[in-house]
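First the structure, in the form of C-alpha cells, and then the observations on it.
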Amino acid sequence: METATLLISCPDRKGILSEVTGFISKNNGNIINADQHIDSQKQIFFMRIEWDLNGFQIEKEKIKEAFKPIADKFHMDFSLHFSSEVQNVAIFVSKYDHCLYELLYRFKAGELKGNLKMVISNHEDLKPIAEMFGVPFFHFPKNKDNKLEVEKEELKILRENSIDLIILARYMQILSDNFVKQYRNRIINIHHSFLPAFVGAKPYHRAYERGVKIIGATSHYVTEELDQGPIIEQDVVRISHRDSVEDMIRKGRDLEKLVLARAVKWHLENKILVYGNKTVIFE
Amino acid sequence: METATLLISCPDRKGILSEVTGFISKNNGNIINADQHIDSQKQIFFMRIEWDLNGFQIEKEKIKEAFKPIADKFHMDFSLHFSSEVQNVAIFVSKYDHCLYELLYRFKAGELKGNLKMVISNHEDLKPIAEMFGVPFFHFPKNKDNKLEVEKEELKILRENSIDLIILARYMQILSDNFVKQYRNRIINIHHSFLPAFVGAKPYHRAYERGVKIIGATSHYVTEELDQGPIIEQDVVRISHRDSVEDMIRKGRDLEKLVLARAVKWHLENKILVYGNKTVIFE
Amino acid sequence: METATLLISCPDRKGILSEVTGFISKNNGNIINADQHIDSQKQIFFMRIEWDLNGFQIEKEKIKEAFKPIADKFHMDFSLHFSSEVQNVAIFVSKYDHCLYELLYRFKAGELKGNLKMVISNHEDLKPIAEMFGVPFFHFPKNKDNKLEVEKEELKILRENSIDLIILARYMQILSDNFVKQYRNRIINIHHSFLPAFVGAKPYHRAYERGVKIIGATSHYVTEELDQGPIIEQDVVRISHRDSVEDMIRKGRDLEKLVLARAVKWHLENKILVYGNKTVIFE
Amino acid sequence: METATLLISCPDRKGILSEVTGFISKNNGNIINADQHIDSQKQIFFMRIEWDLNGFQIEKEKIKEAFKPIADKFHMDFSLHFSSEVQNVAIFVSKYDHCLYELLYRFKAGELKGNLKMVISNHEDLKPIAEMFGVPFFHFPKNKDNKLEVEKEELKILRENSIDLIILARYMQILSDNFVKQYRNRIINIHHSFLPAFVGAKPYHRAYERGVKIIGATSHYVTEELDQGPIIEQDVVRISHRDSVEDMIRKGRDLEKLVLARAVKWHLENKILVYGNKTVIFE
C-alpha cells in the first residue's frame, strides 16, 4: 500500500479539520491515520494525516498543487510525503560504538526505514563495525584549526549522496553554525543527560557529583546553541548511591541507544513537527 | 465555555471523519479536541470529538436528532455529552482507607468533576472519614445469606440518587450479576495486581510467593466475571527480594490510589470508549 | 520488638565491618538489618546496622559509651537511634494542599512514624484541613520586611515543641540562612522539578517552554543555597506536546506528594546518611 | 585486582555476619562488597561478600577448606568464586535476531564477562550473524521425533566445551527435563511477557486480546515447568489502544534484549542466589 502524508501547522481557526478531511474524502482517499493537536496557548493548529493512495483521484505529482488553495486559505505551513520515498541517512560517530551498533542493527533489520548511505567519523576506531554491516565508512580527522575546511569536504560528500538526515551517534565534535544551517531540523543528536540538566560535557560525572537519583538521555534536533535544540525524546533510569560514575555510564548507554533510535524512527516516518523550539510527535 | 462531546464507534469506511467534522463546521462549531482511532484488525472506527457550543447553530436539545442521519448512514454507536452535565457518583468501600481518602480529596479539590453523593460500605470503619469530608455514609452489612437482599436496598438508594458511576475503592465483596448488569460499564474497580496476573484474592501474597520483580495495580470496569472486565489503566512499581509482603502492600497502596483516580477522571470526562472487552482511552 | 540502629561513616579501612558486627554479636545482639556502602572514589565507608535489643547485654543508655572505642579507632561519625524514640515533626505550607493532605493522611494512618505536632503557614487557607485531622495550625504571616522577625517566633515555637524535623510541603517562602543552620539536614523540601533542571520559580512553566518530554519532582534537604541541598528522592512522569502547563501541574502534584512522602519516611526511620552534598539511602 | 566472592545461604542465627566478616578480616582480607538479606518469613540468611585477594593470608586453593568449619557451624550452602575465573557460555537461538545481536555486542564490548564459545540453533537463519562476530555456529535441526536424540548431541558439544551457562535468546523449543536437570540454575530464558501473566505461546497476541495497558518481559532460570522458573529480572513498557500486535512485538523486543542482558550480566558476576523458586539479586 502506498500512502501520502500531510504535515500541517497553521493558526487555529474554525473549519480546518473539516476542509482537510473533506479534500481527501471528495477525492476518494481512505484516511488511515489522522492526528491533530491545538496549542491552545499559542492558538496554533497541527495535523498529521495519512491516506491510502490506491483509488485516490489526484495523481501523486499534482496533490501538492491541488491542496494549495486550502493551504493558502488557512495560511498553512505544510509538507507532503509519500511512503514510497525513502530518506538517505548518514551517521556521524567518534569512538563510542553502542549507538552505532544499535542503529546499524535496526537499519539492517528494516525497523528503521531509510537508506543508510555512510558512516562518517573523526576517528578510525569504528571502521570495522561499519564494515561488518557493509556500510561505507569515511574518515575525516578534525581539529580546531581545520574544522571548517573538513566540514566543507563532509558537506560535499553529504550533498553528493543526497543525504536527508544526519544522525550524531555520540559524535564528540561541535558542528559549525554554517553546517547546522544547511541541515536545519535534519540533524538528530543524542545527549547523555536529561536536558536541560547537565548541558555540555561530562554529564554523568556532573550527575554523580550532584547526587541525583535518576539519570537520563535526550535526543534532539541540533541548533546553533549547544544542547538547546528541540527535544524529540527523553528517557530515564533510576540509580542510587551505589552507582559509580562507571555504572552510570553503563546504564546510560542503554538509554542513549533506545532514545536515539526512537527519534530516528519517528523522523524517518514523518511523525515529527517542529515549531518554535519544541516538537509535536504524532506517534 | 460549554462544550459538546460525541463518542462514536462504527465499522470503518471512507468519509466518516470528513462527514463528522463537516457536520460541526457547517453548523459553525469550533472543534476543540478531535481524536480518532482505527482498529485495523477488526476494521472499527472510534472517535471522540469535542466542540464549543458558543455560536453553534443547533440547539443543545436538537443536536442528537440532527446528527442521527450521519449516525445511521455509518451504522454508528454514539453518545452525546455536555460539559454542563455532571455525573452522580457513589463510592463503595470496606475497611481499607487509602483509595477512599484519595478520591475524597480529589473530588473536594475539584480535580474529579462529579457529584460525590455517598459512600456505601459493608463495615462502619470508614464512616468517620466520609464525615470528615462531609459526604453521606451508608452502612449495609452483607453476608452470603443476605447479599441479594441487601443489594436490593443498595440499588434502591442508588436509583433514588440517580447515581451514574459506582467506584469500588477496595470494596471486598463481589457484586451479583444482576447488580453488575444494571450498571454495565459504569462500575470501576481497582484490583491490586497487574492483571491478568494474580486474578482473585491476595495478589500481593501470591506475587511474593512467585518472586516477581515488579508489582502492579489495574483499574477496570466490572463485569460478571471476576477481574475480567475491560482494563482502563495499569501501573507498576519495581520491588526486590528485600520487600516483604507488607512492603509490597504498602508500595501497592500508592499505585492503587493513583491508578483508580486516573480511571475515574477519564470516565467522568467521557474519555473512555468500551468495545468488546477492551477500552479506547482518548486521553 | 525494640531495636537500636547505628548510622556510621568513616574513612574506609580493613576490618570495620568485622569490628562493628563483632561488637553486636559479642554482646548477644541479633542483627536484623545490615547495609553498608563504600564510596570507592572518596574511600569512605558507610553503614546502617539495626539489631534487636532483647537480650542485648549492654543497657540502652550505655551503648554509645561502649561503642566509642571502636568509633574512635576508625575515626567514625556515628549516630545511635532507638525504635522507641519518635521524632517530633512540623509541616510548613502555603496555599497548595495536595502534599499536606498526603502527609496528614500518612501520619494518621501510621505509615509515617512521627509525632506530627503542628502545621505552620504564612496563609490561613489550609487551616481547615489541619483541623480536619486534629493537628494544631499556626498562622505566621510573612513578608520581606518582617521575615527575620517572624522566623524568630517560628523558631521559638519549634523549640518549645522540641521539633526534630521540618517538612516544607510546598512552602512558598525561602528560609533565612540562620533558620536553615539551626535545622541542618533536618528540613526536607519538595521541589517541583527534576533537579538540577529548573532550579527556582515556576519550573512547570519553564519545562513547558523548553518542550521536555518528562517532568519530575525532587525531595531534598534544605541548605543555604536555593534547591542545591542533598537530594533524597526523585521521580518522573512522561508528558507529551498534548500536555498544557495546567496538565503538567496536575500530573506533577501526584509526583510531588509521593516523592516527599518517601523522603519523610526514610528520614523518620533513620535510613538516610548525608555526606558532602549527597545522600546514602539505606532503603 | 583479583577478588574472591562467597555466596552463602543458611538458617538465620545470631553471629553469622560477625563470623564471616571476622574470617576475612583476621586473614587480612579487604572487603570490597558485602550485601546480606534475611528472609524474615522463612528465617533464612543470604549473603554475598567479595574481598581483595591481594595480601589475603590464605592461598586461593585453600580458602574453601579454611572456611568449611564456619559453613558447617551454621549449616551453610555456599559457593566460592574468583574474579579470575570466567564462565563458558553458549547461546541458543531460533529465528529472531534481536536478543542474539544484543548479546553478541555486549560480549564483544566486554560488558558481559564470559567466554562466548558458540551459538546453537535449530535453524540456519542466524548463522551469518554469529559469523559476523566470529562466534562458532552449530546447526541442530530438531523436531518432536528426534528431539531427545538431538539433545544428546547438543549436550555432548556443551560438555566438550565445558559450558557453564546456557542462554535461551528467544529459542523456540522446549528443552527436555533431562536436559534441564543437567544445567539446573544455569539456563537463562527470556519470556516475552510479564510473568506470571501470559505463560506459554504468543503472549503479545494474548496481551492484545486482553487489552492490557502495559506489556513486559521476564528473564528466568529454566525449570521443568514451562515459564515457572525463578524470575531474575522483569521490565515493562506502556502501550495504548493505538498499539497493534505488531507494535507490541516491536516495543517488546527492546524490553526483551535489555531484560535478558541484565540477567546474564548478574549471573556471570555471581550476583544471583536461587532459593526455592525465587532469586536474591545482590546488584
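By letter and in written order, the chains are A, B, C and D; residue numbering begins at 1 in each of them.
One rule holds for everything that comes next: a residue touches a chain if its C-beta (ideal position, glycine included) is under 8 Å from a C-beta of that chain, and two chains touch if they have at least 3 such contacts.
Which protein is which chain? UniProt says A, B, C, D = Formyltetrahydrofolate deformylase.
Owing to the predicted nature of the structure, the values given are computational and were not obtained by experimental measurement.
K.L.:
Any chance you could name the chains that touch chain A and chain B both?
P.N.:
C, D
K.L.:
More contacting C-beta pairs: C-D or B-C?
P.N.:
By the number of C-beta pairs in contact, the winner is C-D.
K.L.:
Measuring centre to centre with CA averages, how many angstrom lie between chain B and chain D?
P.N.:
So the centre of chain B lies 41 Å away from the centre of chain D.
K.L.:
Report the inter-centroid distance (CA atoms only) between chain C and chain D in whole Å.
P.N.:
Using C-alpha averages as centres, the distance is 38 Å.
K.L.:
Of all residues in chain B, which are in touch with two or more distinct other chains?
P.N.:
242 - these are the residues of chain B that touch more than one other chain.
K.L.:
Which label fits the chain touch graph of this model best, line, ring, star, complete or other?
P.N.:
Drawn as a graph, the chains make a fully connected set, so complete.
K.L.:
Could you pull out which chain D residues touch chain B in their complex?
P.N.:
Answer in residue numbers: 37, 39-41, 194-198, 210-214, 216, 230-236, 240-242, 244-245, 276-281.
K.L.:
What residues on chain B touch chain A, complex-wise?
P.N.:
14-15, 17-19, 21-22, 24-26, 28-36, 38, 238
K.L.:
Chain C touches which residues of chain B in the complex?
P.N.:
Within the complex, chain B touches chain C at residues 97-98, 101, 105, 109, 111, 132-133, 242, 250, 254, 258, 283.
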